[in-house]
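Multiple structures are listed underneath, in structure tokens.
Heads up, the next two complexes both have chain A, just with different partners, chain B and then chain C.
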Partner chain A sequence: MTQTISKTPPSKTPAPVTDERVAKRNPLQKLLGRPEVGALVGAIVLFVFFASVSQTFIQPNAFATVLYGSSTIGIMAVGVSLLMIGGEFDLSTGVAVISSALTASMFSWYFATNVWIGVILALMVSLAIGFINGWILMKTKLPSFIVTLASFLMLTGLNLGLTRLIGGSVSSPSISAMDGFGSARAVFASSVTIGGVDVKITVFIWFALVAVASWVLLRTKVGNWIFAVGGDANAARAVGVPVKATKIGLFMAVGFCGWILGMHNLFAFDTVQSGEGIGNEFLYIIAAVIGGCLLTGGYGSAVGGAIGAFIFGMANKGIVYAQWNPDWFKFFLGLMLLLATIVNLIVKRRAELK
Partner chain B sequence: MTKFSWRKAALVASVVPMLALSACSSTGGKAPDAAGGAAGGQVVSTPKLKIALITHAAPGDTFWDIVRKGAEEASAKDNVELLYTSDPEGGRQAQLIEQAIDQKVDGIAVTLAKPDALKDALKKATDAGIPVVSLNAGESVSAQLGAFTHFGSNEKLAGTAVGDKLRSEGLSHPICVIQEQGHVGLEARCAGVKEKLPATEILYVAGTDMTQVSSTVTAKLQATADADSIVGLGAPFTLTILKAVNAAGSKAKVASFDMNAELAQKIADGEILFTVDQQPWLQGYGAIDAIWQNKRGGFEIGGGQPVLTGPSIVDKAAAADALKFAKEGIR
Partner chain C sequence: MNAKEIDQQTLLQNEKDPLTHTPVHLLSLEGVGKHYGNIIALSDVTMAVDNGRVTCVLGDNGAGKSTLIKIIAGLHQHDAGVLNIMGEERKFTSPRDALDAGIATVYQDLAVVPLMPIWRNFFLGSELTSGFGPFKSLDVEKMKAITLKELAEMGIDLRDVEQPIGQLSGGERQCVAIARAVYFGAKVLILDEPTAALGVKQSGVVLRYILQARDRGLGVIFITHNPHHAFPVGDRFLLLKRGKSIGYYDKKDITLDELTAQMAGGAELAELAHELEQLGGHSDVVKEVQAEVAGVADVADAVQAGAPRHA
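== the complex of A and B ==
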């Protein structure tokens, strides 16, 4: 994390007597105090491990595939990490992605419009889903678990019901021949060739989102608000943080990430199955938790969520490259989740004690 | 009340369609409704029957749409009120059967994907004198659970058909992509392929997330460069696999199980070698019609043997015909 390192180098002149409360901590200790350090260690171990058991794993092509697999989790993990730092979580993310893709495809298909109109509408729907989640949460003061569980179920039903009602089938019709599809595909689902390796555009979108989210978290007022509402909402309110707006905004940020991934799904595969997406919400939460976000809020980072997604991508694809029996994949994923969180806990406690 | 302005109305009438048109897509989109569905002929004069079709379909699976369409068409012809329900979980599917018994249905058509879970509920049905027909899954246990016949395609047989066809194309090292880990029917398909082509490798992907299907297939193609073909076990998955194969620049040939309109188009275009169709429409139609026949004259079709609805191989030569019907949603 370059952002955290102070820009002015420490002065060489002997410092006057300093207050111990503002004493400089040594850099290693500072690094160990970062939320994503446990995940980083895990990612390095996993990378070295797969690189040693499979020759293919470290080839540039294969690595691009791993990054693509990670990015489709990672894009959502950015939003979900921010939300978890803000003290809430969202179970509707997996199906909300599909809702967004279905909205764009069904609308532009049914009215035979340019697909970009569907894309814009889908953005509005995704943001609205986020807004409604956040608004109900703030109005009712129910736990976000309940509110988003309800929206998860409702969206699942809406996806299936509306798709059949409008399109007459449970998958959306192909829109690949429609106006604007080519340009939309170039934006959401193209590949960029770097040194002879095709890298999917989602990887760059993912990196960009992580950078923006990190900047917001660490360098802006809004970032402080997010940590504050996640740490203690009442205390935050008392010092003038707009708790309601921050939380609703976070849900809308998740909606925005869902829109990007939904559009990728749509333009990469032309059609969308209305029953897809169920269960993916947990992958996003797993990525965020492995990356050091606390379920209780107030702690975590966007980079951590990205590393969490990268760990998922490596484990998921690494098993294929290593030609292993995939029966054990879920077991390893669970084990990794447990180990990563325990490491996080230990490292954090140690760093804070010193 | 304000006076109705014809000028304003004319303005609205001319501007609104213009706005709509300016954003229109010149190609694709919803086709204008064709006049009159061709479904069904004359309705029979037998008294109205109530038949339950209870499947293990997961919501949102295109395959079951086709089964259901077959069942609906048979119901329309046979003067049947069709009660369609489904639940992928065995225990809850059993409850659906019991509910159907409570509703005093005249017959039950059921898929036997989880036979052990359904055993007791089906016994209740046969004890109550309700004729039972099984379809799609559970060929081997059908008679044992009291169904008088079974409509389906043998998964293993379909797999061996694919294996044979691949071999006749000169291919020997396929990757068989299973989209749901631990699914007996899908495993049987790949086992059938492997029986004919021992070099077959099996790849598991998460069918609930197409991006993961795509990236995992790409990974596998990179890991096994000597694979010469790849088989998807469902139309939407094969289409995604095809994209991954093209994007990876792999030379592997693509084959498939099951069917939809887009897949038929790709076969007609020569991008996909062939697919094995188990003709799901026939399963739905046959199951409902068999119950009607049974009520009509106590007939039991099949002679105690399953009625096979497949495998039927659709290659480039057969794809044009299949495409027409796939667009109607019945192939």
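== the complex of A and C ==
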């Protein structure tokens, strides 16, 4: 019998059983390991900055406007973030939003139906665009850059061509007098007054989408599959994950988000310019990347995309409130993107090493 | 020194499985072949896998080992011969198909997603859920607990199942993949070159898990190009070369030296020595190769004499 001499005096309360190889990570380090933390730090810095240079920025009304601006990017960023975690990206999102709005508007105007019929049709068109993008991608195995660039160009042409062909103008006709416009406007483009501040409904839709997407991503089978198809599609296939269905589903989710934003645009302004939307796809991708989604897939979060959109909204409106020339906005955005990705990279490496 | 080839016909007729006492093999291939366009990747391969046995598939690069396992794992379909599972003819159209038939494959690249936590990888494709309808959510705590327990049972003492699997060593990752296959009720476990990228010690660890899987009653197919890894754990040895079977032996009928000789191919080594000499290669190297040729030739001759190969 050998007796081991214990170096530590016996404590009265038994310590929880832990592996000695697992060093206690302090909560701060654990937090730094999250994908969205770089963006969060950036958002706080930006908020403090604008709050200090502009008195109006922190007033409730102004903040509601910032949130509204964020939500119009953020709603799409939810879908785009999921897609990016799934290892693909979509360049057609900006014009697909307009396609959806135009579908609803032109259909109900041309056939003089209740606008809700147009809204439902637009949903189907949006989902179909997503499906076709995903399906072609899976069939041809081309990079999503090429496939969605092609659909971006085609949709741009269709938006302009069909709108002029059917309505005879570059913008869709006003549908504000049609049946169902009021109720559709209440759903997609109304405001809720909270404590005397008008908050646009898109803000709530945005929050709800982020919550649902986070739940799906972290707590469901499908979420597990999304991470897997983005991280290593071959490995995922080998263990029985339906890779094609997952990726096509992600494109359709992007389509769904595009439908919501398209409907908001339509019912907020009641006409739609057919040439709009070009370039917006990059804003959604920027929001997702700032939010910590890896361009190569397999890593990221829906909350990150939301923070990315919030950063965008703050920068966009903050420049106005600070009474600077908005010409500088794009430069600012580019700088933000670069800094955010570098911060993400450093933070992620640090967290993984520790 | 007698190396007697297995005759699949008599094996099929007479052998009863030692564990299940069923007259049929868990998995058997008869004259299986596969071509890609006009390239014949595999032709006329015959082998059998049984409960609690390790069948080793040996061969050099390009011998057709990968094609063979891809057929069994459902990634490719064979276009000649018969694949039987429990005596029933099958042709898998997807990896899911093969998985459902109880065939799990641990690939060379491990089929794990490096950025995902260990427990998510462990249950990937077969996640446990609770709740109902559209509100089914992952049973995270249960999955974590099972992952830890299963890995502990395989003798793998992991630190934290929440860490990304990419942080584990190659050997540990192999073990997670094997444990995953065992847990999900695999009857046949295919291991594709599990020791190829590992050091000596790590290889030993993986070989031990192969034996553990065997002792749990699984039929194991162990694919390797290293006879030194195959011989200690294998029960049967199938040798492939250029898409063809060049030998199929029971362990009792063959020695490690014979196995190595068959794999190395004495004639080829002799040719290499000759070539090096012609090229004016370094004399030491040439001598070394020649010595090797002499050694291999002795054994190979004995093998040839003992068992005239049947076509």
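Everything that follows uses one rule, which is that the second predicted complex is superposed on the first by the 328 of 354 C-alpha atoms of A that agree within 3 Å, B and C clash if a C-alpha of one lies under 4 Å from a C-alpha of the other, contacts with A are read in each partner's own complex, and residues count from 1 in each chain.
Just so it is clear, contacts are C-beta pairs under 8 Å (C-beta built on N, C-alpha and C of every residue); 3 or more make two chains touch, one makes a residue touch a chain.
On a predicted model such as this, the values are computed, not experimentally measured, just so you know.
Shared-chain residue A:T220: touches chain C; no touch with chain B. Judged by the touch definition given at the top, the superposed model places A:A228 against chain C, while chain B stays out of reach.
Once the two complexes are overlaid on the shared chain, A:V66 sits against chain B while remaining clear of chain C. With both complexes superposed, B is the one of chain B and chain C in contact with more chain A residues.
Applying the stated contact rule after C-alpha superposition, one finds that A:V343 touches neither chain B nor chain C.
Once the two complexes are laid over each other on the shared chain, residue contacts for A:A238 go to chain C alone; chain B is not touched.
When the two complexes are superposed on chain A, none of the residues of chain A touches both chain B and chain C.
The touching residues of chain A, when paired with chain C in their complex, are 19, 21-22, 215, 219-221, 223-225, 227-228, 231-232, 234-241, 298-299, 352. On chain C, the positions that touch chain A within their shared complex are 73, 75, 95-96, 99, 105, 107, 109-116, 120, 123-127, 129, 136-138, 140, 159-160, 164, 167. Contacts from chain B toward chain A in the complex involve residues 20, 23-30, 58-62, 64-65, 181, 203-204, 208-212, 214-216, 218-220, 222-224, 236, 239-240, 243, 247-248, 260, 262, 329. For chain A in complex with chain B, the residues that touch the partner chain are 54, 56, 59, 61-62, 65-66, 68-69, 72, 108-115, 117, 156, 159-160, 163, 168-171, 173-181, 191, 198, 202, 261, 264-265, 268-271, 273-280, 313, 316-317, 320-321, 323, 326-327, 329.
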